[in-house]
Amino acid sequence: MIRIFVTGGTFDKTYDEIRGGLSFGDTHLPEMLRLGRSRVEVSVRTLMMIDSLEMTEADRELVVRNCQQCDESRIVVTHGTDTMVETAAALARGVAGKTIVLTGAMIPYAFGSSDGLFNLGSALSFAQTLPPGVYIAMNGQHFAWDTVRKNRQTGVFEPI
Amino acid sequence: MIRIFVTGGTFDKTYDEIRGGLSFGDTHLPEMLRLGRSRVEVSVRTLMMIDSLEMTEADRELVVRNCQQCDESRIVVTHGTDTMVETAAALARGVAGKTIVLTGAMIPYAFGSSDGLFNLGSALSFAQTLPPGVYIAMNGQHFAWDTVRKNRQTGVFEPI
Amino acid sequence: MIRIFVTGGTFDKTYDEIRGGLSFGDTHLPEMLRLGRSRVEVSVRTLMMIDSLEMTEADRELVVRNCQQCDESRIVVTHGTDTMVETAAALARGVAGKTIVLTGAMIPYAFGSSDGLFNLGSALSFAQTLPPGVYIAMNGQHFAWDTVRKNRQTGVFEPI
Amino acid sequence: MIRIFVTGGTFDKTYDEIRGGLSFGDTHLPEMLRLGRSRVEVSVRTLMMIDSLEMTEADRELVVRNCQQCDESRIVVTHGTDTMVETAAALARGVAGKTIVLTGAMIPYAFGSSDGLFNLGSALSFAQTLPPGVYIAMNGQHFAWDTVRKNRQTGVFEPI
């Protein structure tokens, strides 16, 4: 059984027809799992639904506490890419003995051309096979939390 | 570096406008990797482009030989689901010391609602992390080649 | 109020995951109208759900009778492209004083890349503005029923 | 031959991966016409690429002048929905003897679930069949320019 915690990010941005802009509604996670015909046993919980640039220390603590206290030892966290590395660091400081994989998307799933479905399949697979630790899974790759940064110019996660 | 061998299957079926039926053209693999923003180093080679129900022993031998002889020790094979288990068995008999992951799709990628992108992200991730052996990766799960069968009624891969 | 009669055709072909081939299920018309945010008042009725190559004279008579007997004087018929012209001729012989627009698709709607949504918007618009008569609306164009044929080589409707 | 003038609007909004927001790039019109397998003879020209809330009187004059001066007597203008009615009024004041159809979308085409393809098929069809005048074509319906308003609460064009 894998626990999935949803925090928002580009993954879950949707288009608000009335305002003509981007917004957050319900998570697309269950629909994505259905579309991917996933048969991985998961339990999904939405912790927040925000842009990761607006994530506060209190928000981050909430993510850490949920990862500590849940029964599952294998966890996927969906997260905006801009501060994914900061949350990964907080998780590494606060949670031991669990395999935690953070993932996200560069393009909202609600846009047809999303990398989200690819990343979700990837993150769930890494979460099943990697040893305890905190990882970032993007672009089909995985990185230990303290070996990666997001390049803001190119939008790509790269090793440091 | 991961080697990807393409053999066809539902993954790559496309709709032939003139004949009004399904057919095979070029593989969608490069487009799918681009859509998924994959940054995994891969080298893609199409071995055949057929429905796996029509795969002969000679075709299967070609897949085995290519997996034996390529330089890479981590390999993904895209394959029709109907005889994926048979090819996995042939690979297990014929190739040693490599991590080989077979994957496919229940719905063609060319149909918007495909599980192919999810499975491709999953298969590439399993190929990076599993020890040598032959595996089937479908529905976000992975199975050792001799522990799984396709249920023809439900279309689902299940443990035996 | 526009009456829509559904007869099947490529428009409504879907992919059967279990058999691995094309098949017909329920019509996608209501979903397409929702996606197109259509606010045209319509009443949809499925007459049959078949490939137009298999349409018999009895089937064709059923279409004619329904167009005769319905209250609406503006009608859209979704139809396979291969024998659309034959059904149009039968309608021209059998129904007077109504605007009947036949339309279809070269690619199933269930495939992301469909011309069906474009053709549906087009057919509903022609049905609102053309004088009584029987027309074929494909590729954004409209043709009086006896001035057009389908070019089987190119898949295109062209004037004769 | 139909002239298409592109002015931007939701129709053409795209997702900027680096900034994580909506933006305008090149128009999707040619791609949409290809996807719809349109065979209507058109000539496409981009006049501007802006949100219609930011359209100035000078911008509006530019649209009017282009509609006056082009050779074609049947014109489609793609436009943001928020001020579509204002531009329609300017066109009605400034251009005589031509059939001008304004259309747009509630959801960007780049999002899979767009009404844009439906509206484009509809607008091109109305442009071929309506008498000279200025019209708004949205949701499969058409309205003379001075008989419609956008309901900002529901996002729907409704008769006045």
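Going in written order, the chains are labelled A, B, C and D, and every chain counts its residues from 1.
Operating definition for what follows: a residue touches a chain if its C-beta (ideal position, glycine included) is under 8 Å from a C-beta of that chain, and two chains touch if they have at least 3 such contacts.
Just so you know, these numbers come straight off a predicted model, no measurement behind them.
Chemist: Going by the touch criterion stated earlier, list every chain that contacts chain A and also contacts chain C.
Modeler: Intersection of chain A and chain C contact lists gives B, D.
Chemist: Give the chain pair, either B-C or C-D, that is connected by more C-beta contacts.
Modeler: Most C-beta pairs in contact, of the two: C-D.
Chemist: Centre-to-centre on C-alpha atoms, which chain is most distant from chain B?
Modeler: The chain farthest from chain B, judged by C-alpha centres, is D.
Chemist: Need the CA-centroid distance for the pair chain B / chain D, whole Å please.
Modeler: 44
Chemist: Report, in whole Å, the distance between the mean C-alpha point of chain B and the mean C-alpha point of chain C.
Modeler: Here the centre of chain C sits 38 Å away from the centre of chain B.
Chemist: Return the distance between the CA-based centres of chain C and chain D, expressed in whole Å.
Modeler: Once rounded, the distance between the two centres reads 26 Å.
Chemist: What are the residues of chain D that contact at least two other chains?
Modeler: Residues 106, 112-113 of chain D each touch two or more of the other chains.
Chemist: For this assembly, give the contact graph shape among line, ring, star, complete and other.
Modeler: Contact pattern: a closed ring, each chain touching exactly two others.
Chemist: Identify every two-chain combination in which the chains touch.
Modeler: Every pair of chains in contact is listed here: A-B, A-D, B-C, C-D.
Chemist: Which residues of chain B touch chain C once you look at their complex with the stated criterion?
Modeler: 10, 15, 17-18, 20-22, 51, 80, 82, 106-108, 110-113, 152-155
Chemist: Of all residues in chain B, which touch chain A in the complex?
Modeler: So the residues of chain B touching chain A come out as 32-33, 35-40, 106, 112-115, 117-126, 128-130, 137-142, 156.
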